[in-house]
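What follows is a set of structures for review.
In the two assemblies presented below, chain A is common to both, partnered first by chain B and then by chain C.
Here is the complex of A and B:
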């Protein structure tokens, strides 16, 4: 066997992952994905292993609910043929491996540094001295935006090549937000510290990332989360989705200069995040999810309060959507703006909302079940045009859907199970992978433990990692003045990418 | 003389009323209506910071911009009272003295060498260019109708006429309001509130201006709005007495500010490439007025 098949949140001994030579590794993994839309790469990374570099590739199959893991040992000096030349979805992963370990790919189309990690191989490469892709033309012009922006957003540089108002090419330069998250996971030995780090991977996906980390840790410790813990996590994940999607609808309205939508959706987001405050003491749900513990048990009283919040929220939300989607000036800004085709989306392997907007059925809540999702009978919302309109529509429908799921959950609030909450020590020499569908898309965390059961390597992949490229493709041939609304309709994370 | 005083007073509250309308429409209390004036006063107390890449053009442009608008203000009449300057063909002077100011604000934006400002300048130039024929066809038709070529005489004679002249006045009001929106960079052409450089038109051109210069540019903007308001008022007041004309002036200015506030609250900005189409449509509305005039004068075969 060239690979091992695991399921979501399963811990396996690291020695169970077959180690194959690079050529077989290449063939195995590319043939998994080639011509199979339902399969995509959830993580592909390397780590130092006895003076060599061990590459681990994890391919998820959405239909069979399986994840295929294979590994390969290479030397830093090896000249490798790149996966990217055959399948474009590996582009980011190989750039990351190249950046971290200096491995040279002979036929990678563009080995541009990814995020300028602190522990990168070639420290002479810096964000400050990066040579952008440029054109030599008297008619085209370049526009650079950022990394410091006019609004309160994170740092990132966008370099446009335009023909008048039309964008021909967009290069997105990230890495300004790099904090060395993965390294912190190894340095900080305390579980609370680690959970706090997971919370801060991306400030808008607190629940998503913390849930992924908790799943990893509980799986490593052999802890089976009780129903009340799973309930709280499922509820928080859906509530986070409602809050962020509503906020994004507001932001999209701001970008098309539709003041009514901007202020009404902005107001509607507030009661949802305030509810998090009521439940957990933090509006962004920091501190709510902890491995092996039900930090803030969900009571019947809280359930009643949440129903009240939704009873007020839903009519206003529905009315505002009717207004927005019947406003000609707004529709003319949404429709056919920032289109990413089905082919492009499946080629670059986007995840979550950015896949569902173009007709790719990719949703971890269905394909790799966790928490209470098996009981919710979730059906992904799929749109087909891949434009801003589709993305806004998905947000609208997912908010309704999440509220429906939460109302279902509230029908049977489990009692708090005050079981012994001490976790065992993590299993030594193990590998775990956890997939969680955050509001933006699939979050993937991978952990490897050493002989003492301590973390040897921790890998985080935010959905933005795949999806930034979709934005760059979306704005091509669009007007440069439509970039902000395209960008906002994706609402990708800078820090989630930069780690 | 009277028109100048009225325009100055209108300029004091016009932008404030727009902002207040928008805040009330979005459920906020909003700033007081004199906040824009307070902002300008604050800016006038500050010095300006100049980028090292700019030349003297960048420094003189705001002053010329203000001067051009003040010059334009001088020819605007008010009912029976002429503007300070009034001569045959003064509406052409009006349009081109404003264009001169705009030219300087465009080259000062280019002077900074910023890619944003160049983009904003090109958009503003394009929109002004498209708006120009609408204004001239409109004023030309009115001149043809009345047989005069100065603002005051045209407006004074305009109210005389049949029902068709009311129809023409309505169309003329529409054209002038829309030209005012374009020239002052308001919705649905431009979004003055946005923080996104890439979608701005006018705002992006003044990104590098600061302190006193920014104060000048903002003041100019307020004045410009009041001037266009005054032109529209003139379409209606004809030769009313002052005790009626002056309240009508303020009512119309106030209504215009409120309706701009409402438009900005309840619709989205146009897609940039629809703007040019929209502005060209104004010219065809002006042509409609032109044919209406020909019809009235019996010159239409």
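Here is the complex of A and C:
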């Protein structure tokens, strides 16, 4: 066998992952995906292994709920043929491997730095000397934006090549937010410190990332979370989705200068995040999810309060949407703006909302089940135009859907509360992978332990990792004035990408 | 038109009438109180993820604390977090809360530069810089300007360019890759200008203090006018902190 088949959150001995030569590795993984839209790469990365670099590739099958993992040992000096030349969805992964280890790909089309990680191979590469793509022409001009942007938002550099008002090309250069997260997971030894790092990966996806980390850790320790813990995580994941989607609807309205929508959606987000505070003491749910624990037991009373919050929220949310989607001036800014086709989305391997907007049925809540999702009979919301309109529609429908899921959950609030238990030590020489559907899309964490059960390697993949490229493609041939609304309709994470 | 009026009517009154006295819902973790009960102090030092707790006497440094609540969870009789969201100081040491202390946290008015009230008392325009911030403080600073908290009523606003700003607000531990842009942005802000650090990550580096990928040398060069703790900063903490800095003291 060239690979091993695992399921979400399964821990296996690292030695069970077949180690194959690069040619076989190449063929196995590319043929998994070639012509198979229901399969995609959830993680592909390298780590130091003796004097060589071990590459690990994980391909998920959305229909069979399986994940295929294979590995390959290479030298830093090897010149490899790139997966990307055959399948574009590997582009970011190979750039990362190149940046971290200096491995050369002979036929990679775009081998540029990805995030200027602190422990990158070539320190002479700096943000300041990044080589932007440019076109030599008297008619075209370039517009540079960032790293610091006009709003209260994270840094990143956007370089547009425009023909008059029209964008021909956008290149997004990131890395400014890099805090060395993956390495830091290994340096900080205590579990609470690691959980705190996980919740700081992306502050708008606190629940998503801490859930992924908790799943990894519990699986490594052989701990099975009781229903109350899973209940809290499922509920919090859906609540986070409601809060962010509502906030982003507000931001989209701001960017089309629709003040009423901006204010109403903005204030509708408030009771949702205030509810997180009522429950956990923090408006963004920091401190709520921890491995092996039910930090803030969910009571009947909290359930009643949440119903009250939704009873007030829903009519206003629905009314505002009806108005927004009946305004010709709003629709004309949404429809056919920032289109990414089904073909492009499949090619670049976007995840979550940024896949579902263009007809790709990709949602970890049905494809690789976890927590209480098996009970919720979740059906992904799929749109087909890949434009701002589709993304805004998805947000609206997902808010309604998440509220429905939460109301379902509230019908059976677990009465038994898990006592705090001390987790066993993680299993030595093991590999674990965890997939969670955050509000942006799939979050993937992978961990490897050493002979003593200490973390040897930790890998984080935020949904924004792939999805940034979708934004760059979306704005092509659009007016530059439509960039803000395109950007907000995605609302991708800088820190989640930069780590 | 009729629809718009209906929607407006359905919103009711959303703004918080008095942001200095309003009570926050639920179990907010604000200013902690440390009782004088005898406990094994070394346990605290071990349990805190960011070394915010030191012993003899037992103290919590709110500039390092991530407000995770772990200490209060394990030793509920020793440490409790009140709902007091007024946490800002203008002297770094004043963020250290000692055993037995239970008084409001306030700015030291002696230390506020004279020009601040004179120049910015009625209007303060700020440029925000996220420097390795995780977008949680950023989200809360945005929220401070929404219709609920409505910071604009005090003339406090975020602006799009440092050239229009009276000062900068830094969030995040300052990643190495943002060190230079932070300096450029500060230099582009006209004098006199203020520096505000918002959130635990900005004040001390927070959980990222020992990460090799951050570079906090900028902060050693200039006096800091305001430290606003939180993980993330609560909009009310932010607004009250800034008001404390710019309004005239009796």
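Here, the second predicted complex is superposed on the first by the 495 of 499 C-alpha atoms of A that agree within 3 Å, B and C clash if a C-alpha of one lies under 4 Å from a C-alpha of the other, contacts with A are read in each partner's own complex, and residues count from 1 in each chain.
In this section, contacts are C-beta pairs under 8 Å (C-beta built on N, C-alpha and C of every residue); 3 or more make two chains touch, one makes a residue touch a chain.
Model, not experiment: these values are computed from the prediction.
Asker: With the two structures overlaid on chain A, would chain B and chain C clash, or do they fit side by side?
Answerer: fit
Asker: From the overlay on chain A, compute the angle at chain A's CA centre subtended by chain B and chain C, rounding to the nearest 10 degrees.
Answerer: Taking the centre of chain A as apex, the angle works out to 60 degrees.
Asker: According to the stated criteria, A:2 is in contact with first (chain B), second (chain C), both, or neither; which is it?
Answerer: After superposing on A, A:2 lies clear of both chain B and chain C.
Asker: Contact-wise, after the overlay, does A:341 reach chain B, chain C, both or neither (first, second, both, neither)?
Answerer: neither
Asker: May I ask you to decide whether A:24 touches chain B, chain C, both, or neither, giving the answer as first, second, both or neither?
Answerer: In the superposed model, A:24 contacts neither chain B nor chain C.
Asker: More residues of chain A in touch with chain C or with chain B?
Answerer: For chain A, the partner with the higher number of touched residues is C.
Asker: Check the residue A:117 against both partner chains and state whether it touches chain B (first), chain C (second), both, or neither.
Answerer: second
Asker: Could you say whether A:267 touches chain B, chain C, both of them, or neither, answering first, second, both or neither?
Answerer: A:267 sits against chain B and chain C alike.
Asker: Now for A:150: first (chain B), second (chain C), both, or neither, which partner does it touch?
Answerer: After superposition on chain A, A:150 lies in contact with both partners, chain B and chain C.
Asker: Mind working out whether A:483 is in touch with chain B, chain C, both or neither, as first, second, both or neither?
Answerer: So A:483 only meets chain B here.
Asker: Tell me the contact category for A:76 with respect to chain B and chain C: first, second, both or neither.
Answerer: It touches nothing on chain B or chain C.
Asker: Would you sort A:494 into first (chain B), second (chain C), both or neither based on which partner it touches?
Answerer: second
Asker: What is the minimum C-alpha distance, in Å, between chain B and chain C after the two complexes are superposed on chain A?
Answerer: It comes out at 6 Å between the closest C-alpha atoms.
Asker: Looking at chain A, which of its residues have contacts with both chain B and chain C?
Answerer: In chain A, residues 150-151, 260, 263, 267 are touched by chain B and also by chain C.
Asker: For the complex, give me every residue of chain B touching chain A.
Answerer: Contacts found on chain B: 22, 25-28, 115-116, 118-119, 122-123, 187-188, 191, 193-199, 264-274.
Asker: For a test of understanding, state which residues of chain C touch chain A in their complex under the given definition.
Answerer: 3-4, 6-8, 10-11, 14, 24-29, 47, 49-50, 66-70, 73, 81, 128-143, 146-148, 158, 160-161, 172-173, 175-178, 180-181, 185, 201, 206-208, 210-214, 231-232, 234
Asker: Hey, which residues of chain A end up touching chain B in the complex?
Answerer: Those in contact with chain B are residues 141-145, 150-151, 164-165, 253-260, 262-263, 267, 327, 329-330, 332-333, 337, 479-484.
Asker: Flag every residue of chain A that touches chain C in the complex, lowest number first.
Answerer: 116-119, 127-128, 147-148, 150-155, 175-180, 183-184, 187-188, 190, 192-193, 195-197, 200-204, 206, 247, 260, 263-264, 266-267, 270, 274-275, 277-284, 286-287, 295, 315-316, 319-320, 323, 493-495, 498
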